[in-house]
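Take a look at the structures below.
You will see two complexes here that share chain A, one where it goes with chain B and one where it goes with chain C.
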Partner chain A sequence: MKHRRLGVLVWVLTIALMEGIANAEPSGREIMQAVYDRPQGNDMSGTLTMTLFDSNGKERVRVIKQWIGRYGRVDKKLMIFQSPADVRGTSFMNWSYKEEGKEDDQWIYLPALKRVKRISAEGKGDYFMGSDFTYDDLGDRHPSEDNHTLVRTERINGEECWVVESIPKDPRYMYSRTVTWVSKEKRVGVKRDFFDRRGTHLKTLNVRSVEKIEDIWVLMEVEMHNVQKKTSTRMSFQNVSINRGLPESIFSERTMVRGVE
Partner chain B sequence: MREHLYRSFLVSLFILLGLTLLVAEEGSDREGAIVNGYGRTKVGVFLKNGDYFLSENTLDLRFRYNTRGAAFYSNVVLYERTGELETPHLRELYMDLKDDSMDLRIGKQQVIWGKGEGVFITDIVSPKDLTQFLLPDFEEIRRSIVGVRGALYGESSTLELVWVPWFTGTLLPRKDSLWAPRQPFPVVPTILTEELPQFSLDSSSFYARYSYLGESVDMSLIGGWYWNDTPAYTVMSKTISPGVGLMDLTIQPEYYRVYSIGFAFAGTFGPAIAKAEGAYVGDKRYQGNPIVYPRGYAEKNGIHYMIGADYSFKGVTMGVQYIQEIILDYEKDLLSDRLKNMMTVALSRTFFQDKLKVELFSYIGLDNKDALVKPKLTWNGIDSVELFVGAYLFINNTGDFGQYHDRNGVYTGGKMSF
Partner chain C sequence: MKELIKSLIRKPWLVILVVVLGTAFSTIVVRYHTRMETDLDEYMPKHHPAFVFSDEADKRFRIRDSILIVLEHPDSIYNPSTLSKIVQLEEALIQFPEIEPENILSLHTAENILGTEEGLDVKPFFTDPPTDSQECWKIQQTVRSNTMVHGRIVSRDERATLIAVDLPDKAFSQSLYQRLLTLATTYEGPEKIYLAGRPIVEGTMALLGPRDMARMGPLVIGIIACTLLLVLRSWIRTILTLGVVLASTVGSFAIMTTLGIPMYTVTIMVPVMLIAIGVAYGIHLYNQADYYVKSHPGCDREAIVESVIETMFSPVLYAALTTIAGFVSLVTSQVYPVKYFGIFSGLGVATEFFLSMLLIPAGILVFGMGKVRTGRDTETEKIYSLTFGARIADGVLKHPKLVIVGTILVILLSVFGITRVWINTSFLDNFEKDSDIVKTDTLVNMRFGGTSTINVILDSSREDTFKDPAVLELMWEVQRGSLELEKVGDAISLVDYLKRMNRVMHEDREEFDRIPENSDMVAQYLLLYEMSGDPDNLWKVVDSDYKGANLKIQLKSDDSQTIKRVVAYFDTYKDRFAQQGIEVRYAGSGYKSMVFADLILRGQLSSLALSILIVMGLVTLMFRDLRLGFVASIPVSISILVNFGIMGILAIPLTSSTALISSIAVGIGVDYAIHFIERYKETLRQTGDPVWAGRFAMGLTGRAVFLNALIVIAGFMVLLFSVFPPNRQVGALVSLNMFTSFVGTITIMFLVLRKTYFARKESRK
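On to the complex of A and B.
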């Protein structure tokens, strides 16, 4: 009888332990690393439509052709403005490195100056072409640059999400913290709140549409709302192609000046 | 003569367009025609008396026709200044032949080199239009050359070779212009018509650049054997009176050959972009005291360099450059100092989702403590439409900038791109 009771206890404990293992949540760092490491394809190209809304809701539209390629330790991005007329032909190129702490290389080409100019990576805190996205918001921030804590799990827009708070290790960083809702199913962030250096809520990024293309989850429409300035920027992607074998040579001075033909 | 030149331009335009169509690959996209440009109006007044110094309407029309293996481009500009329509100005007109690893550009074109802002150290190919001093936008200050530019592309590097068979000089202000510089001569000289290089293969200019753009650093090496685009003044006759000195002087602007080698560099160093540019110029003519130098100048070698940095902080983009020119083997009777020191400062910041841009560019002469300060405010509240207001402020009353101290002005205008 004694042995039987002991057997039941061991069984119950084993099941409880197994359930515990099955339900154990990953750490905040593990979640953000999984988001960073998720398959994104070797290259991607498409048309980006950026709509800027001012505080009165008046909109301005920019159309940009975008190419992204991943080549070993370097991620390369090229953007060429198609419209409006006064910025047509302006191009921006960014090379981002996997190494911790290594600054990005960035260049801009302004048709009026007819010259490619290297620009400061410290300008990553600057807003990209008048939008509510900083240059840094548009890149993949390495998880090692922040301390991450899993705060809770929450259902948002029908998706089960981890909610992760990230506090930058560098106190000079433009945000004091960010809170990200990560889809458990897709391993992509679907919402992020940004807090300014004083700890006040500054912006919210909402992912409006995610599509699976070539077995890869792609953010097709995102909107950044600046709650302090009451301005918004919506970015939507069209004609997205993935893994088409983009040659590395297109991420060059020549392409910035002449465009991709 | 002007009419003849204008007709030649039009004929060239059609020949180049025809060639572009001819070399277009079979089946390539022939619907690659793009027309764009802008219309702009500008008016400016002097601060001292409210007199207009600028009244200008501009139509800038650009046409590009792209095919898979070639492209044609033309940029025609019409200026109406103080109510008079000038002859249409063909800023650029060229044909591109393109391959995976090389380009060939034939025709009238601007070739822009160097890393500096507002300084022309290794930017030795395209001459300048200085008829309004350094006041217009840099795009409008540059003139085009007529020639052939070939470029070979490596993984991260480019080798460019430029051949300019037809000389184009820098345009200087006429002597009755508001922007005519003070002459350095002890008497007011009689200036004869300039002597241009002969139009022949022998008088070609040649330039080369190797450039690298890559991880952390961009750099380039340049070289050229070319006609200097600003003339030296050769003494044609002079009268010297014992006890009085120079009484009379007749000079003639004369272009001459120089050679140059140089480098340009820009690199990311922490939060800043460090940049530098330098050139050694050989056989340059420096004006001297006409009594001492029979031809009015001495041939010397010179060094011209710049070091600078760009930095962005809290949305403000800042750029500082220090520039020095050195005359080697200096002689005391030259009219220029052995060293010339200058700085530039640039600041810009946008507000309201880039609708408002505040910018300032300043040249500072360190030897005479003079400066040209160009603040500008641009409102871009509607896409493709700009309204702007700016000023030209000259500080001190000597030096390259201070000599215009009584010409401080403000201007305003609008521009619409299409």
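On to the complex of A and C.
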């Protein structure tokens, strides 16, 4: 009898505690959805400096001009390499569609070849421009693809954060789980740990700087460190401007060849 | 020192007790603290420039040895079952903690870049395993159009495909191999699944050798014990003689363990040496004891012991010293296992000397002469002058020409054999031709580029060197040429990627399967490859600043000739690369083991030459006669010649183990000579009769030498039945060295000794 009464007590307490948390904090899924849905502006342009550090400590710097715009159900992105000199003018364009299952359209222009080529690529597990970021890491992954759990709240770098663990629904996805620190104030992720398919720590993403531009939180400097390969990639943005009304016409093969005037 | 020994054995029980306790303690130390070093990299001299460079290159280009899992289907791999097995195997492999998911290359994980009408098609050959033959056919067509994959991941006849797993350093273990084997068996049928690759061969060898030795070792000791028993005709003598050998072996291993030095594969040779050498001391001491008893019937134990120590201390000491000198000369070796082998064999021999001088007299004091069943109790002098030994002494002197001509013939034959000696660093050749490992390797080599690799590393100080079409053209010329070399199966470099990209960017037109015309185009292709392909593959063939490149050559054999042929070929291009400011060097495990073996051999040969000089010096010092120093080196020199000669004739390759065995020629050959010369010299001094001295030395010491050789040969012949070919070679060579040292001592050395030493004494008189 005693035990049963105790059991009931524990049960009541647990429910009370859970409700307490539920009242105080949003669910893991809600947090991740909020991060995904946060305002990002209708267009954005700027200069991306990508520094790749290899396992031997050598670094390579690439400077890329970048334009991003949202036009109805299509997100368009244009990137033109500024340096190193031998790839200057190489450009890359991507149109991504909201429709489920519709593959992105992609083009590449190599100045040495003087021709624009279409690329059809499958799978988003690919690394972005040979960096330590995959396209998914850069924010392309929809929250519905994972199961999210709010694990705890924690202060890092002076910011109160939710710590959310996300486990992919597809067991064959390249990560077995990720853990994200989401700033309560800014609703942006500030740190993320990635675990490979065997559950071993693979990479850590650190957001080094976040700035508010045109009322939108923009990640200005991010760094991804692959602890297994001992490589890292730093991406930093300069001259960022948002909502300047980029004309859709700049996202064309013509601009890929001639550049943006 | 002699006095020290004499005072110590006044308490014989204590001596025995201390030795027994010491051995027991050593056994515990060895049993629980010895660490076996299986990582071959630990064997290499880390500061040798070739290794430093190779290790650095391994890191730069992520050069790793891979395990190859080959699926072979009787008809074609392009069927739903085989293709889905690739995926299943991969899934299973990922669960292995040693294997990093990113280091599995297969038809399923491979990235494919295809040129199409309007552009590029970047996608895997398949993501989910196909369900019908139509899909399989499509995959087949795609693979056929990609020369980076067709012939590399899928065999040209399309009946085999491989999954290559790049293993991190030190990740291979026998347990991993067993789990892989189990995995392979689980997925077999109708496909056959093979496991190959250097880690497997290397790992299995490192395990098989010592394991086989551990099985055969007790058998060797058992046979030696039986023969000893037959020869010494006493239990207690056999136990003491063997006890000395075993206690010394265990003792030196215990010291090695205490100093934190791990066991290496060549360390297995330490007990082999100590058994072969140590048995001799006991035999010589008992031989003297028996002689003394026979010539002094009714003497007491103290007198026997006194005689044994007085007569034998000096020759046994010098025999030990010369042997130790032979081993210690190995300290000059740059290779740590060999250095340690030298030190600990030397240490073991020193221990054997002390223990023999202590235990055997102590045994005589405690147990008496043992129940030696002597034959006819005739007059001693008669025994030694009319025995078989005496007849040999007379025979040798009666037919000097025969002995000399025979010796010359043996030397000539040996020299001929030596010209045919070949060095082999192949791991695979250590296995039986019909073993699974060899069969699998042959099969995989037949279907694919090769299971062995050598990396040609090209380095320049100029950035973007490897974007220069002129440099790339030269690389391609060399690469193409290398494919003409015997046993070279495949070669892959940055050029392959660039040619492929160029073709793909030109709608897959064959005429564009060439090096891009300018360096900007190269840079842009590389950027594109980085963006759409798997850049990790790129960093295996080029540095990220394009200052260095790695040309991977796949070989169908891991023997030194093949590797040397490739190195020689690339060396001929050194000047042309130098014109472009590029240095050519080599890396990879195959190359390292070749350099390593060369180091061992060169070290061993120079240490042999050195030890003959040391032996001559020591013997000269002992007898205070340069001529005797020369005479004593005769059996040693002949043994060494015959050792290498026979190796050439019987096609036993020079490897680190077989090269070390030649040390035994010094150790044994010189002992025989010293005992023999000492006995002859002493008898001659006492009697002044060279004929008698010769017969006596031959009869008494010759007999001991003969018995010694007989016992060790009997023991080591057992190794001829080993399942591990290198251990068979050890058995054959140890026996051979005992035999030639014995024959050399009683024939040519005796003849020269009789002629020269006698002549000098006579002239002086």
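The rule we apply is simple: the second predicted complex is superposed on the first by the 228 of 261 C-alpha atoms of A that agree within 3 Å, B and C clash if a C-alpha of one lies under 4 Å from a C-alpha of the other, contacts with A are read in each partner's own complex, and residues count from 1 in each chain.
We take it that contacts are C-beta pairs under 8 Å (C-beta built on N, C-alpha and C of every residue); 3 or more make two chains touch, one makes a residue touch a chain.
On a predicted model such as this, the values are computed, not experimentally measured, just so you know.
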| item | value |
| --- | --- |
| When chain B and chain C are modelled together on chain A, clash or fit | clash |
| Which superposed partner A:212 touches (first chain B, second chain C, both, neither) | neither |
| Contacts of A:254 with chain B and chain C, given as first, second, both or neither | first |
| Contacts of A:169 with chain B and chain C, given as first, second, both or neither | neither |
| First (chain B), second (chain C), both or neither touched by A:198 | second |
| Chain B versus chain C as contact partner of A:112, first or second or both or neither | both |
| Partner chain(s) touched by A:81 [first = chain B, second = chain C, both, neither] | second |
| Contacts of A:95 with chain B and chain C, given as first, second, both or neither | first |
| Partner chain(s) touched by A:155 [first = chain B, second = chain C, both, neither] | neither |
| Of the stretches 63-71, 315-323 or 333-341 belonging to chain B, the one that collides with chain C | 315-323 |
| On chain A, positions contacted by chain B and by chain C | 52, 54, 60, 84, 86, 107, 112-113, 117-123, 126-127, 129-130 |
| Residue ranges of chain B in contact with chain A within the complex | 36, 38, 66, 68, 98, 103, 110, 112, 114-115, 137-139, 151, 153, 155-156, 158, 211, 213-216, 218, 266-268, 270-273, 275, 310-315, 317, 350, 352-355, 380, 383-386, 417-418 |
| For the chain C and chain A complex, residues of the former touching the latter | 59-60, 91, 94-95, 97, 100-102, 116, 118-124, 127, 464, 467, 505, 516, 518-525, 527-528, 530-532, 535-536, 539, 543-545 |
| Partner chain B, residues of chain A touching it in the complex | 52, 54, 60-61, 74, 84-86, 88, 95, 97, 103, 105, 107, 112-123, 125-127, 129-132, 231, 248-249, 252-254, 258, 261 |
| Residues of chain A touching chain C in the complex | 52, 54-56, 58, 60, 81, 84, 86-87, 90, 92, 107-108, 110-113, 117-123, 126-130, 172, 196-198, 228-229 |
